[in-house]
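Take a look at the structures listed below.
First subunit A sits with subunit B, and in the next complex the same chain sits with subunit C.
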Partner chain A sequence: MTKRITKEFADLQTEPPEDMKVDLITENDLFKWVVTINGPKDTPYAGGLFLVHVILPNEYPFKPPVINWKTKIYHPNVTNDGKGTMCLGFLRDGEWKPSSRMAAALEYVRQLMIEPVPDDAVDPAIAEEYKNNRKQFFKTAKQWTTTYAKP
Partner chain B sequence: MAYTEEELAQYERLSNDYVPDAEGPLVSPRQSSQRITSEYAQADPVYVHKTTTLPQQFSQYRTVKGDGNCGWRALAFGYFEALLQTADPSRVLGEVARLTSLNNVLDSVGYPRDIYEDFTDETLQLLKSTAATLPVHDDGAALLASFNDSGICNAIIMHFRLVTSAWMKTHADSYVHYTENQSIQDYCSTHIEPHAVEIDNLGLQACIDAIIKPAGIAVQVLYLDRSPGEEVNQLNWPAGPSTLNAPYNGLSTIRLLYRPGHYDILYKHEDIDILPAAAVTNPQINLMSGPVYLSSSNVCYSQQGLDIDNFYIPGLMSAGVSLAYSTDAYISNAIYAPSALPITSAATDPYSVPYSEPPKAIVESPTLEGPWNTDRFRPSQYQVEVKFRQVMPVRPEPCQTEAMKQAGESKAHFRNEDFQPQIWEPGAEYNVGRNSEPNRRRSS
Partner chain C sequence: MDSDDDYNSGMSSQEDGFEEELQESGDDSMGEDFEDDEPDMGFGQDKDIMKPRKKAYEVDYRIYRPEEIIEQQDKQIEEVSAILGQPSEASAILLRYLRWNKERLVESYMDRPEAVLEKAGLGPDGGRAPRIEPVPGFTCTICFEDEPGAQTYGMKCGHRYCVDCYRQYLAQKIQGEGEAARIQCPKDGCSRILDSKSVDLLATANLKDRYETLLTRTYVDDLNNLKWCPAPNCEYAIECGVKRQELNKIVPTVTCHCTHRFCFGCTLMDHQPTPCSLVKMWMKKCEDDSETANWISANTKECPKCGSTIEKNGGCNHMTCRKCKHEFCWICMGLWSEHGTSWYNCNRFEEKSGLDGRDQQAKSRRSLERYLHYYNRFANHEQSAKLDKDLYNKTEKKMISLQTSSGLSWIEVQFLQTASQALQQCRQTLKWTYAFAYYLARNNLTEIFEVNQKDLEMAVEGLSEMFEKQTAELSGLKVDIMDKTAYCLQRRVILLEDTAVNLKTGEQTPCGLN
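After this line comes the complex of A and B, so read on.
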């Protein structure tokens, strides 16, 4: 399936998803991508620059890509354990469709920055805050953006 | 002991991400179904009863890896194996044409071609390579190898999933009442399209409707569950009329053993016997009434050192095969496969006769790309016969067809203990002399 990955990567070069830029981590490894995301506007992440590693498993497209946030982000769906794992919705093994493109996966990631899914959170404290104290959530998330996601 | 919210979340995550390690090959070789009986020997009496009677009906089975794709994999493997059993390359190539045309359905529901072609290509490739060796085949060894290559196997499964999904979306009326208030779109998105989501009854039905039934293949599912009874319950899906115009008696049946959450493939004894010489399915042979010289359906033509590259004989693929069983009613099911052998070596064959156009084939091979369509050579009917006599094996295996079974009861059959060749007496048959009486046959 290297052919498919090559094509998907090329397509993402010519037509990158909004606010994103896709590169290879090392030049000759097609399975490891680094995605640079400009925090979407009207979110607490606006103005920040986020690095995300996207690892395509050997079984791709039969297994989903693995998303790891390299830039610390205050988000209920990203683990705050140094790995920055984001694994929910159709990025999950049992829900991933081999017919889905990476462009859709990346678009989903961006969508989660705009609208987190607190009911499927990995960090229950942040999810709780997002649901019940949106103002405080915004404040902390913004703070983290300026501290950790400096362009 | 109290857990913090973080700990609970951590456990929940672990539990969500837990994937049981499924054991064994993706598809196993055939093995005795007595193994199922011994597996359940210590279980609930209902299971003990049911698994005890199972091997009487179904002598062998294949295990399929229980990784969330087993039902799909069992169906897909069964589909290929059933096509192999027909030993008819034009039928297999007909499936290449039909599945290719189903791409239109994939297009119509909006799957991007460049994505699905990676999946469909593997199916079509395997069909073509299967057709290329027929009517000689290896009893599924090549299929087994392909299905144990996870890249090929996953792609074929994904192809089946996508066709099934597209079929459901384009035939929504037939399925929408069974999705438990989900829209067909949502049902397909959560139950059919994701990899490693097990097939359910609705998915099974739709996959049969879209792929299996139109191929002229029947499906039988045996449910090994806790319901009362001595035998496993079964559900049958008859084969649809084949899309090819050749007659097909629906002999090929995919038999699946269902245990809650898991599918394996079952075989009746006769399923396996029939594998090497499926030409018996041709009605002309079933009507055979002439003397029977050959009784084996298990001629081992695979051990004759075939050069497979030289064996792709285009004429044989279409005209040749039907010719083999249409020219002569004496040709039993065992014949046509070995008779196919010498055709390849026609150049050096002392028995070969000059090339002549074979009679019109019963089955027209669909027009397709590939080496099998370049008509380099066609066998002649005479050649088939000459060589057929050369390779006539007489082997002690039991007869297969009804006609052959009964043949042994006649004294005129060489198998009969009191074998007595019939001597034709013209005088008894006709009034040739003045003293002959028509009814005095064989009395002297």
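After this line comes the complex of A and C, so read on.
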């Protein structure tokens, strides 16, 4: 699958998704990417710089990529356990298709920053707050952005 | 909507083909009793399923081998295929989509065929029969290989990929994820379901076998009246018509060919006479309470005001409830304020507040003691059943040596095996009678139940005691043991029968059932 991954990576260099920059973690390993995300505007993450590791499993693209947030982020769909995993929608085993692209996966991640999915949350407390006390959610998320996502 | 009803009407037509097997694979008594006009236990509307039988606590059921399950599936697929004019691989997908409800499928298909096909994952049809072939100038959009002459495959949706990718995709789904019935086309956004013909074309023999096994598994899982026997390594499936909403009135217990006896309602081990929902409540209660309840009973008291459980952790008798701040004396349970400041040891007994406090205390103790009464007996029978079994295993060894020394034949030893099995079965029932009794209100029927319980318990303990005799004595006790075994089994049947009838007719409704 080297051909596919090389092509996807090259495409992401010439045409990176909005607010994102994609690099390899180490030069000779095509399966480990680091994505730098500028927090999208009009979100509590705006102004922050977030690092996300994307690990392509050996079975890729028959299995979905694994997303790990290296920068702490206050978000109902990201685990707050030091691993920062994200596992929903088509990032899940059952929903990912081999023809799905990393570009789409990254765009999905960005979309989730703009609009979290509280009904499929990994952190129920944050989801609850996002649903019922949006103001407080924004406040904390913003605070975390300034504390942890310094550019 | 009431899918159960639809579903059952769907099944009835399929039963025809298995009529012959009914006699041999079910219980022996099944055949003759159908004509009897026994009193209707309130299940008149289900007469075709709940055929009147000799015992109120027994249910009709059938055991299927895996091959029979596959045959059953195939038969339905062929039938639907003939009616709808769809190829069998598509009919299978349609049937799975509507959980094998044939009537509903035919009806909705006749109504709006396109919509049904689309929803089932058989959307827009490219027309051409799918096959493996090279396509000039092809680049696979999964691996981006573009080697000329490479073999490609695509289903009727027209999304083609190289055969290698398609195969790896299948292997990942079938072996990696255990998926079979809902594997979609590899194209993102395409919800076309992979049909068995495609699997035949692409997969290795191993993978195909796994695929078939998974499909059969989903078939049984999809149907409410079919369940796999939960015993490890058992391959049989059991069909039983008892519906979920009847589980408060009947405890559908079945015995698989592998000898495993379990409840069809919840697939737990035989828990007659206790209905499934009570079993759940009881087990939850035991999990939460039993370990701690004994300790609580021995080491704590309840606050006379708010009922919180309090452990005395020091020598002083002046207690202050953490929860309600009530101050009382540990010894007499009376108000501490009435003790005055000079009291160090409590020697008062007659004061009113102390009496009230002890009253409250006694009440909450009683409910705890009541629970422990039932729990300890429940646990005891479980434990005894294990010990009986151990004892039998030891005895069996001794009997073998006795056989050689005293010239007893193997057949003459068999009564012990029978007795041991009876003991196990009776203890299992006894055990659950204590969970059941915990939820019973005090009335005449409960008293009758307790008499039955006592009779069975005495018989069982009697038999158990005989078992403990020295090996040399056992052969002399043969007739007694055989008699006692028969008596135990008889007492068990009487208890189960009485309880089942009262449960069915609604005469006796344990608390917690509605």
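Of note:
Rule of thumb we're sticking to: the second predicted complex is superposed on the first by the 151 of 151 C-alpha atoms of A that agree within 3 Å, B and C clash if a C-alpha of one lies under 4 Å from a C-alpha of the other, contacts with A are read in each partner's own complex, and residues count from 1 in each chain.
Following the convention adopted for this analysis, a residue touches a chain if its C-beta (ideal position, glycine included) is under 8 Å from a C-beta of that chain, and two chains touch if they have at least 3 such contacts.
None of these values were measured; they are calculated from a predicted model.
With the two structures aligned on subunit A, subunit B clashes with subunit C. The larger set of touched subunit A residues comes from B, when the choice is between subunit B and subunit C. Residue contacts after overlaying the shared chain place A:A104 against subunit C, while subunit B stays out of touching range.
Contact with neither subunit B nor subunit C is seen for A:K135 once the two complexes are overlaid on the shared chain. By the touch criterion defined above, A:A125 reaches subunit B but does not reach subunit C. In the superposition on chain A, A:R4 makes contact with both subunit B and subunit C. In the superposed model, A:D93 lies in contact with both subunit B and subunit C.
None of the stretches 1-9, 181-189 or 415-423 of subunit C clash with subunit B in the superposition except 181-189.
Residues 1, 3-4, 7, 59, 61-63, 90, 93-94, 97-99, 101 of subunit A are contacted both by subunit B in one complex and by subunit C in the other. Contacts from subunit A toward subunit C in the complex involve residues 1, 3-4, 7, 59, 61-63, 90, 93-94, 97-101, 104. Of all residues in subunit C, only 141-145, 159, 161, 165, 168-169, 172, 176-177, 179, 184-190 touch subunit A in the complex they form. Subunit A meets subunit B in the complex at residues 1, 3-4, 7, 59, 61-63, 87, 90, 92-99, 101, 121-125. Partner subunit A is touched in their complex by these residues of subunit B: 5-6, 8-9, 13, 16-17, 19, 68, 111-112, 114-116, 118-119, 150-151, 154, 158, 162, 189-190, 193-197.
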